[in-house]
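Quick heads-up: structures coming right below.
Two complexes, one shared chain (chain A), two partners (chain B, chain C).
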Partner chain A sequence: MYNGGKIILGLIVFIGLMAAPFIFGLGKGNAKPNPSIDTPAIKAMEKKQCVEAKAVMKTEHMKMLNDWRDSVVRDGKRLYVATDGKKYDMSLQNTCMKCHSNKAQFCDKCHIYVGAKPYCWDCHIAPKEGA
Partner chain B sequence: MKIERREFLKLAGLSAIFGLGGTAIAASVQQTPSYIPDPKELTGKRWALVINMDKFKTDADVKRVIEVCHTKHNVPNIPNPKQEVKWIFTEMMENVFPEQQDKYLTEHYKHMPFLTLCNHCANPPCVRVCPTQATFKRKSDGIVMMDMHRCIGCRFCMAGCPYGARSLNWIDPRPYLDPKKINPEFPTRMKGVVEKCTLCYELIAVGKIPACAEASNGAIVFGDLEDPKSEVRKVLAETYTIRRKPELGTRPSVYYVIGGMKDAGKGA
Partner chain C sequence: MGMYVAFLAVAGLIVLAFLGVQAAGLHFLFGALIPYIAFFLFVIGFAYRVFLWGTSAVPFRIPTTAGQMQSFPWVKSNKFDNPSNGFGVVIRMALEVLLFRSLFRNTKSEIHDGRLIHGSDKWLWLFGLMFHYSFLIIFIRHFRLFLENVPGFILIIESLDGFFQAGVPFVYLTDLMLVAAATFLFARRVLLPQIRYISMAADYFPLFLILGIAISGILMRYFIRVDITGAKQVIIGLVSFQPAPSAEVGVIFYIHLFLVSTLLAYFPFSKLMHFGGVFLSPTRNLANNSRMVRHVNPWNPDVHVHTYAEYEDEFRDKMKKVGIPVEKE
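What follows is the complex of A and B.
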């Protein structure tokens, strides 16, 4: 075998390079996002609950926002009667973000993790952080 | 164990009743979410405005009305007239009522700025040409609405509107908003969408009248054209009013009272 040593060394370096991202990535990146509900509005709530159950919100909030938007803008109906009978003004800025006033620590935490970039904030005004 | 056919049916019936009752009980606790209008909502079949130009005594009166609307809706103040965005604005008489031009018209009217805005036409050309139904006419009350979420910025509506009531956001509007006056309860818009007056549908929905009428000290009257007892109908019955370019058949819902006309403004 010609230059056997060099080839083997080359192979080791090659494999090492290819595997580097996996080795250095171990334990990183998979950390589940942990959205914070530590806001003044939520702190003031006796029973800390969202518009619907947490599991529903987690998986359905994007659809819910679409439905709210269409109901308000297209059908002229502004009130949402939730599963528990509570009524909410269907507004992204004036309802969701009044409770979740920590967008960076809440919405963005998950969205960065899943790579979602809702374009809503090009128009809708995000709450002033730290408030 | 062997069950007779009869026994089986009895059991099945019982469990069916129980099952149904069970879901009914569950339903009384857990209802499916629903969407309802605010009980305070104003209802009308065709909202209209009567603008009494005689009651706008000074430029300041006009400016105040524009300012209130534009602040409320985060309408940017872009100095370049080719890029400006406006919901309610002024135009010279010759542009608002070109067919009324007459060289013998009093100087006063020739140089008077007229307040103009979306006419919320009964037969709106903008709606007909919109390819995405981003602009549409509300069946319930005739407001010509804008759904900013659907607008693709094609500007067909701007070509269709004979009144120049629509503006495209040529640039990002946010740098042109006064940070001290921004209304955090209302969205802004973004580059590439068309916007215009929506007759304050968001205020009507909670029982308030449009902001321009509210701020006008009685110079703008708001009401339901189809209700014979409404304030706008009272003014229309008592006063001679005109609409913009009626010959086009768009049937505007914005009426003007112009001074010098007999009895002008008495009812307003």
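What follows is the complex of A and C.
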């Protein structure tokens, strides 16, 4: 081999980089982030139901919040009619956070897990917790 | 012809993954087995290819000379385009790998008013660079889904990539650039007759495959959204060797994963090996020192030579006898 040392070194670096996620992942459990819905407002609900179905909220909540913001800020329309016909006030702080008052235990759980940094709290006042 | 074969192949892969996951419910096959096999093929195949190249003989210096070679001190030499030492080679390789220096020199010849004109043609360089850097950033970005605790630098790259905060989730600039650049690379193969003539299925297939990966990823993020937390769990399951592909994550995720697996498995057998090959190009990575160092071919046979001096020693008497002049009396 010509320049064998350098080639082997390059290959070791390559394999090391490729194996890195596996090395970091080794021995770690596959813990699922468990957003808590254990808040007084949700406990008091008879039927625990968000604005839309859970599966929809999981994948579409960011789009819904964005649409709500556009509707409220640009058109001044605050009324949201859900698929089941229920009416809601389009408001992050007064509707969403009324039930999900536990930002650290709910929102942040998944957002931190997947590295998402939504900019809700650039404008809104983040709830004070632990009180 | 090759283009249609390649297109059908990629379309077939997408249909295969869709049917396999959606209709047959083979989540474990598409979500664990195939990715593992593909990754294994990629790493081992890549390393084996590079090792094979490493065993080829490189007895002489064969760099392409793209500038004045070093000779007399009063002749100005080009240290990086025609390097004569290791440092110059490192710079040359860095320029080549990071900035595609040789593609930057791309030229095009056209006939204008009956005259042949040679001119610079930087479009391929520009879009090639855009394509590769977008791909690299997208690759790095994906590690937020491969590492349980996301390192800060990945979050910084991600926030820069979504700098304009357009749409929800933020539109990544690299997503747009990758698709634009890959489309350019495809369009050039179709629209330029000369390039079209030399393009084969093996040229179109990786392009379609990468476009398929990009588009499925974009669909998954912005249009047919999947539960990203569930997707990350599947991936973390893979890297922690506790695969648990979930049926709850949408089928588009499995199509994306299957196309990526195909790319990985295909990589070592294809032109994509230029990733490893660029580092092992003897026309780039050798110092042009042929006039300073004598490079002897190590497997030269030991040729027995009979020099004139020896010849004269052997025949001096006979030469003198017949009057042939000799050098040594």
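Rule of thumb we're sticking to: the second predicted complex is superposed on the first by the 101 of 131 C-alpha atoms of A that agree within 3 Å, B and C clash if a C-alpha of one lies under 4 Å from a C-alpha of the other, contacts with A are read in each partner's own complex, and residues count from 1 in each chain.
Methods note: a contact is a pair of C-beta atoms (placed from the backbone, for glycine too) under 8 Å apart; a residue touches a chain by one contact, two chains touch by 3 or more.
As the structure is a prediction and not an experimental result, all values here were calculated from the model.
Peer 1: Is A:Lys117 touching the first partner chain B, the second partner chain C, both, or neither of them?
Peer 2: Once the two structures are laid over each other on A, A:Lys117 reaches chain C alone.
Peer 1: Which partner, chain B or chain C, is in contact with more residues of chain A?
Peer 2: C
Peer 1: Return first, second, both or neither, reflecting whether A:Asn94 touches chain B, chain C, both chains, or no partner chain.
Peer 2: first
Peer 1: Pick one for A:Tyr80: touches chain B only (first), chain C only (second), both, or neither.
Peer 2: The answer is first: A:Tyr80 touches chain B but not chain C.
Peer 1: Which of the two partners, first being chain B and second being chain C, lies in contact with A:Ser71: first, second, both, or neither?
Peer 2: A:Ser71: touches chain B, not chain C.
Peer 1: In the overlay, answer first, second, both or neither for which of chain B and chain C A:Pro33 touches.
Peer 2: A:Pro33 contacts chain C only, not chain B.
Peer 1: Please output the residues of chain A touching chain B within their complex, sorted ascending.
Peer 2: Those residues of chain A that touch chain B are 52, 67, 69, 71, 73-85, 90, 93-94, 122-125, 127.
Peer 1: Taking the touch rule as given, give the residues of chain B at its contact with chain A in the complex, in rising order.
Peer 2: Result: residues 30-38, 41, 74, 136, 138, 140, 145, 147-149, 182, 184-190, 201, 205-206 of chain B touch chain A.
Peer 1: Can you list the residues on chain A that touch chain C in the complex?
Peer 2: 1-4, 7-8, 10-11, 14-15, 18-19, 21-22, 24-33, 55, 58-60, 62-63, 65-66, 110, 112-117, 119
Peer 1: Name, in rising order, each residue of chain C that touches chain A in their complex.
Peer 2: Chain C residues touching chain A: 39, 42-43, 46-47, 50-51, 53-59, 143-148, 150, 154-155, 158-159, 165, 167-169, 225-229, 232-233, 236-237, 239-242, 244, 250, 276, 279-280.
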